[in-house]
Each structure stands twice: as C-alpha cells, then as structure tokens.
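Okay, so chain A shows up in both of these, paired with chain B first and chain C after.
What follows is the complex of A and B.
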C-alpha cells in the first residue's frame, strides 16, 4: 500500500448529479460495454458477419437456382442484416438481466441510486448501435457479393420505419428481460426456443405475404416482421407488390407496438423488482 | 433511532420459502434465516458481523442494502427505512462482496470503475481522478488499462474494493471482503479499510466475516451471530474480557480413539471443550473454571491412549468467545452445516 492522497480519503468534491442527468449518465455508462467492449473481441467479425453471410448466401443461391425474381435476393440481404438485431435482442437483451444476476451486477444496479429503466435503455442503445455496425457490414457485403440494387422511394418513411421497428423491438427485449429474470434458469431454453421460429414467421428470408393473412397478422406482434416488410417495400421497386400491408398502416402499427412494449417494459421491470426483493431473487444463486 | 445511528434494526426477521426436493417439489418449506435481530451501529463505527457460513450475515446485508425485504421487524440505514424508502437509502450506501465477479471482462479496470461511478452520478473527470488515486492506494495502478478478465482473483477483488469506496458512501457494506485473498492482499485490504474510515469520522462500515482475526483487528464492535440470531454484541476487548475468568488451553493430540467433547465437558470444572480434527490428530480447545481441572482432562486422555503432542495456555480470542456463545468452534459449526446441506 502506498501513502494515500488525502483528496480521495476526504471524499467527493463535486455534487453528484440526480434526476434526468443521472438517468442520462446511466444510459451512456451502461451502453459503453456494448459499444466499446464488444468490439474488442475480434471474433465478432466471424460470428456476427461471416456466419450470417453464409445463411444469406444459401438463400440467394436457392432463389437464383429456381429463377425467383431478383428482388428476392435483395429481400434476403435485408433480412440477413436484420437477423443481427433479432439475435442481439434475444441473447443480449432478453436473457441479459438473468446473466447480470448470475454475474453479480444486478444487485449493484439495484442498490445504486440510478433507475433500472435507464440500465435497460443503456443496454438497448448500446446493443442497437453495436449491432447496426454488423447489419451495415452485412448489407455492404451483400450488395458487393450479389450486386443488390436499392432504390429508396421515401427516405423519411424508411428512417421512420427503421427507428420505430428498432424501438419496438428493443422495447420488447426490455420487457422480456424482466420476464426471463422471473423465469430464472429457463431463460436459456426460452431463448433457444424462440430463435428459429421467429426467423420463419418474421419472414427474414422471404416476404410474409406468402403466409396466410392471419398467420402474418399474428407474426406482426414481433416488430421486425412489419419493420422488414415496410423496409423492403421502400427500398425495392417491386417491394410494394410483395408487401403485406400498406407502409403507412405498418408505421401506425409499429408506433402502437413501441408504446405497448416500452410501457410494458416499465411496468414489468417495476413488478419484477418488487417481486424479486420480496422473494430474494436479486442476487446470484451462490449467495 | 438516534442521530448518531447509521444502522438500526428492530426485531428484524427473514423467512425464506424453499422448495422441497424432487419428490416434494410442490411442498414449500420455511427456512428461518434471521430471527429478532436487534442492532445499532453508530456513525463512524466499523462494525463487524461475525459468524460461520449460513449464520445469516449475508441476509442482514441484503436487507440493509435494499436487496431483500424483511419478513418481520424493521431496519433503518442512514435515517431511512430500507423497506419503505429504498430510494432514499441507495444514494448513501455501497456494497462489496467477497469473490464477486461484477463488471465486464472486456472492459479495463478503469472503464469498469468509471461505469459504476456513473450510476451514482459522479462527474466523469472527478471519477477518473479518484479511480487513479484509489488504484494507487491498493497497489493496482499498473493494471489500470488491463481487461478485468485478465486479473487474478486477488487483483479483481481489489478492483471491487475500489468500486465500493469510489462513490464515497455514508454507509459501506463489506460482505466477506477478503474471502479467497492471500495473506498479503488481505492485510492490504484491511489497512485500506481502516484508513478510509479513520479519515472521515462520519463514515460507517459494516463488515461481515468468518475470520476471527479480521474481526478482532478491524472492528470497533462485533456482533456474534449464529443460526440467524445475535448472540453477543460488544467491543472485541470486552467480549474477550468476559472470558478472562476462565483458563483457556489448547491441546494438540494424536487421533482421539472415540473420545468425545461430551465426555470432556462432563469432567468437573470444565466449562467448554471443542474438538477440531487436524492432520495426524486433533486440537482440543478447553475453557476451564479452574486451572486444576487440566489434570483430570490429561488423565482422561491418557486413559484413552491419546497422546498429548502440544499443550499451551493462551489469552482469550474471539474464537473462544464464539465457542463460549455457541458451544462449538466456528469450524465445527461450519462442518455441521455442510453435513446438513
């Protein structure tokens, strides 16, 4: 031990911030590990770009082999890029509070004066931005490998669809984070169980118009379903012909999903915290 | 609660409902973790909770840090009820647990500490300055840019300790802070803790430990806890002084050949006896009303063909206080707990 500098031992010099400034600080701090930390393991290039590109390539070659319209290749590339967001929500949002608990972080988040909602928003923001890098890489690679041409009909609507789909999707992730925590060890199995069916029903590699109306309508509860459908309509010339619903209606529904999922996340988080404190489920299993 | 109290508990209790085994999955059993705990920790005090694993120390910490609701009684920290006003308690506290693996392995030591400081609203610049200074104090400054996943257990625990002190809490909870640390690292941590507390008399620290030496060396007052109940609470010196009237002996012997503590305690003038198995034999701790009772103990050992390898008289320690209160040594209680588990 060295001789201690007095300024540390005598305490904090500046007042600690509270209220909305603490809320913002918490969001940025919790987003940091995802934005910076996750880029440090270069294996993400292999697992998050190379492997999804293999899946995309397989669908592209199937469509080309059967002589499907060239727009389908573009559909697959866009779907492949959005897959990254679904994986991120499933494994790094929904299951996250459970992992945080086992790691010992959840207890530290709870005893800090910050809002748990800010922690979840930080996780979501960090995850979304880090995943956007992977999604853009897949789009660029897809354009280069398969000569995909995009023709944006409305940039404003495209941006609106993307941000609404992301907000609703990550809102759903925040909501399920609380649910998964309550389900405890089952979280791993539920995430596994949800992964493949959502690839199918959300139409990652084909237009959901191929489904029966009611199946597509039910699948629309997952924000990526309508988000993908609307984006495809807005970036490909024949997209509107293969679209499930009118883009404006899809924007309206996505707005509704944002409200439902974010509100649900707030209520479930509060319920989960109270229940976990009552039943003693906030600390890792070994304690 | 007086103005001088940093922590106060009244008739505090916690009952867990636990599931039965596979056959009795639907049956919910009640496990009493805490019962009628009354404690008062004064501001500026370093207070120790001393007890074996499973005694209820961590449960008390969880309740006081707002992580667990009590099922009976009440607890106040820094003037606020932990169950009714958790949001008022949280800005004033922090906690560090032994063996915790908090933070993110991909972040460096500085980044992890900065992240946690932000959850308390510290200005980034000040947080970074404090991180550098605190890391220097615990001898970790050369690892400031090391990823926390690359740290050894001891270094990681030092980082955790810094995390707890970084936000300068009014009341700090340390749950077995030196668990798993080597002798040197434990000594460093204890010195740092004492220095932090002595620098500002309004700071309060509650420490749980099952290391007697740690409690004896660090704590202003100690509560001995076992099976969810507080058995004694005083300064280490007073607790030991109360035992002074007895003569305390430690005898190392060859294997005991079936000799039991009950037999030794049945001898006249023997107040307490505790046996601990050690390599190649056993250690017998004796608390005797009169020194002359030693003769009958030795006689009994000889009759049972138990050889005496070493015999010493010693001043009372907290281990003796624990034995007096609980009736068994700490290691015996922990061994029994493991066997039950």
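What follows is the complex of A and C.
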C-alpha cells in the first residue's frame, strides 16, 4: 500500500481533523488494509475458502456415512461458512494487538492522536466485510457441491440476526483484544486453544439444541451460538424444529450481547491500556 | 555430515523443540491446553454421531470414526510440526540463518524439532483414547489388541509422517506468502481424502483414488485393525488387503516419501541459497 492514500484517508497531515472526524477517519484507515489489502493477495482468498471447505466436506461425509437427514448437510455448510468469522475474530481481532506489538506497531498506535477504540472498530469493520466475501463463497460452493437447498422464511429477520450476531461477535473480539494486550508468547497458544472448543459449544456442525438446556444457555454467551441457531431456523424448513429458542427471543438476546460487548470493549480497553503502560508491556517482546 | 553431527543436531533440536512447546506457561495451563483441544475436536464427532444414531455407540462405525480421528492428531503434530520449525526459525525467532552457519545437519535438526510435537501429540492421542474408553463405550480390549502390529505400524507411520513433514519443510523454505497455510492445507486435505473419519466408500468414486495413494489411509487402517481388528475389517474399503499387505504398502510408501523428502530438501535448499531466502523475513 502506498503511503500517500493512507495519509489522505487518515488526515494525519491535516491539523483540523480532530474529534469525531478523526475517529471516523481512523476507522476507515484501519479498515482499508483489511478490506482492500487482503483482496490483493489472491492466494489468501483461495486458502481462506479452500481450508474451511475441507473441514465442511469432511463433516458432510461423516453425516452421510452415518445416514443423517440431508438438512444436517446444510447445517454443516452454514456452520462452515461461519467458522470464517470465528477464525477472523480469533486471529485478526483478539490476537491482533499481540501481533502489532511483535511488529512494533502497537507503540505507534498508542502515541498517535487517534482513539484505540476507533482502531479496533476499523479492524472489526474491515475484517467483517472481507470475511463476509469468503463466507458467501463457502455457502455458494457448499450449495453447489452438496446440493444444499435453502428456504428463507423471513429475510428481514435473517438480516437482523446476521448483523446483530456479527456486531456482538466483533464486539467480543474487541473486548478480548484488550486482554491480549497484556499477553506475550502465550497469545498464540490461547488463540489456538479457543478454536475447537468454540466449534463444539457453539454448535457449528450440529444443532445446539442437542445439548442440555443449561449447557446451550451458557454457550449462548458466544454470539455465534444464537446467531447460527437463528439463521438455521430461518433458512431450513426443519430448522425451527431443531431450534434452541424462539428466533425473536434470540434476536433480543443478541441485541443485549451487542450492547454488553461493545460497552465492555470500551471500558476494558481503556483499563488494559493503562495497565499495560504502567507495567511496561506495550513494547515488550518475549519470544 | 558425520553420524555425530546428525545425531547431535537431532537430539539438541528435540530438547529445543520441547522447550519452545512447553515453557510458554506454567505446567497446569500447559496440561489443560493439551487436554482440551483434542477432546473438543473428538467431542464434535461424538455429538454428531450421537444425534443421528440416538446414542448408539455400539455401531461399528463409531470406533472407526473415533480411532481415525484420535490417531490423526499425529498427522497435525508430526507432519506440520517438522515443517513449522522452518517458519518458527525464519520468521519468528529469525534464527534460521544462524542454524545454517552452525555445524549442524539441517534435516536432522528439523526432524528433531518435530519430536516435541510427537510427544505432545502422543499425550493428546492417549487422552482422547482414554476418554473414549471411560466415557463413550469405546471397546478397547487391551488383551485382544495386536500389540506387535500396533507398535510396528505406529513406528512406520510416525516415520512416514516425519518424511512428509520434511517435504513440506523443504517447500516452506521457498515459500513466502502461503507458509502459514501450507501445513494446514495439506493436513486438511489428508483428513478428507484419507478417510480418517469415514470409510472411503462414502466419497464420490472419482475422488477415492486420491485416498488410495496416500500412505495415511493404510496407516490409519492398520492402527484400527491392530486395536479393534474384528470391527475394522467389516468395512469394505480395504477389506481385500491382509495386514501384511497393508504393512508392505505402508513401508513401500514410507520409503518413497523418504527418498522424496531428501530429494526435495536438496533441491529446495539449493534454490533457497541461490535466491537468498534463508534469512528472508516476510512479516506475513
């Protein structure tokens, strides 16, 4: 990326850009490399779609081997598409500040006159849009490879569920990013540890209703759990039968999660930033 | 290279690999880390199976899936572990060039780095098997296990995975943009094509031949037969082969991969030196 367009976008050279304009320009500037930069490396697009498709295919064939009804194949395809968002939140949101520290960029973020919250929002916005392209590709490939049929019962509710789930999920990512601010070598391992357990408890490959009510309720703290459950109810004819809660109730809970995670991110980031400065962890690199 | 140099490189790398793998946290968190990840992975399959069969874990397909998934942990651990050493040293610690100028044998060093992953992988495999026996009615009769077949298959299989890892490590020397995804992509593809968690017959007929040229297909079949011989042989995919035939195929393919690994290393190492890639840092 050339330096000139970025400086124009951020407005760093313009002393009048302050307050909410600086906040907005920071969001756009941080979203820019996520949205545009990631599309430039064509091989990444291929791997981002190809890798989840391998997992999706393996689970589809497991269901076929044990003679599962065909709608379960659809459940796997939708779950597989949503893994792209979880991976993005885990590796490009939560642990991002750790990577920035390793690269030496974190100190630059802190000393620049912009808000860290705006940087995280920019990362979230860019990551969400870039990942959405990959998720759509996985869904289309899944439909084509495994003849998955969708039957949307309410487009409005489906859009509401998707955007609320994404907002809450990326809010959670922003919140955990501030926790990762304090981590060093262990960041990679902790992010790695959070992959499979979340696939399990959020029901990426099976209906969450299969769990005991309280287990499913506890798992609902992860926004993708209810997001996936509601989406499956809205796009598959038998989805409602296998749904955990009523879609309207799930929309209400997701709205609550959005508020909790975004507010939590703001306060936690502010607290963690102060703590990291006090403990001298912003420039630390313990390899 | 002399024998002392290669063995010294191997054992030193083993110690170094273990330190890197384990000393990032306290022993308790490390133990939790080693337990949760494989169990969660296995639990996804268990829940899927349980939902569809109404918890009929007596179905012979269950141990087939469960054991395949458990032993597949070695693929990610050993194969990806060996190739990961290149990424770790070149991009993270930025020490690959120092390794090259030190009096060590590079392939032995990489293989040694894979041993630590083999050890942590072994713990994960044992925990997964134990959980299956204790909580999921996985019928593993230790008296009925064909131990000689199990031990021989395990040793040859791990060697085969190490050789595949060496091929990947050599290719990683030349790759900048995709190196994080290379091991993951190969492991993911093998998970699908080798029938690790479902019999190969479920795959479309035109994809099945890919599984038949992969040594992992034969290795997993041998592991299953050695542990639950009577059940594993009920699946038609490789039913026409005797244990000795499967072992012969696995050994032959391991030798092929060993030759391929050293040839790939020679070629990639030469090319990486010519192009100045040994000390490359891509910051990806």
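The rule is simple: the second predicted complex is superposed on the first by the 267 of 287 C-alpha atoms of A that agree within 3 Å, B and C clash if a C-alpha of one lies under 4 Å from a C-alpha of the other, contacts with A are read in each partner's own complex, and residues count from 1 in each chain.
One rule holds for everything that comes next: a residue touches a chain if its C-beta (ideal position, glycine included) is under 8 Å from a C-beta of that chain, and two chains touch if they have at least 3 such contacts.
Model, not experiment: these values are computed from the prediction.
Once the two complexes are laid over each other on the shared chain, residue contacts for A:22 go to chain B alone; chain C is not touched.
Legend: residue contacts after superposition of the two complexes on their common chain; A:41 is shown touching both chain B and chain C. Partner contacting the larger number of chain A residues, of chain B and chain C: B.
Looking at the shared chain after the overlay, A:107 reaches chain B, while chain C stays out of its contact range. In the superposed model, A:156 makes contact with neither chain B nor chain C.
Of the two partner chains placed around the shared chain by superposition, chain B is the only one that A:30 touches, whereas chain C remains out of contact. After overlaying the two complexes on the shared chain, residue contacts for A:62 are found with chain C alone; chain B is out of touch.
In the overlay built on the shared chain, the residue A:193 is in contact with chain C alone; chain B does not reach it. Taken together, the two structures place residues 41, 103, 287 of chain A in contact with chain B in one case and with chain C in the other. Per the touch definition, chain C reaches chain A in the complex via residues 24-25, 29, 33, 36-37, 40-41, 43-45, 47-53, 59, 61, 65, 92-93, 177-178, 181, 184-185, 188-189, 191-192, 196-199, 202-203, 283. Residue ranges of chain A in contact with chain B, taken from their complex: 1-2, 4-14, 16-18, 21-22, 25-26, 28-30, 32-33, 36-38, 40-41, 103-105, 107-114, 119, 277-280, 282-283, 287. Against chain A, the residues of chain B that register as touching in their complex are 14, 16-17, 58, 62, 65-69, 87, 90-91, 93-95, 97, 100-104, 106-107, 111, 114-116, 118-123, 126, 129-130, 133-134, 136-139, 147, 163, 167-168, 188, 191-192, 195-196, 199-200.
Here chain A touches chain C in the complex through residues 41, 43-44, 47, 50-51, 54-55, 57-59, 61-68, 72, 103, 185-186, 189, 192-193, 195-197, 199-200, 204-207, 210-211, 287, going by the rule given at the top.
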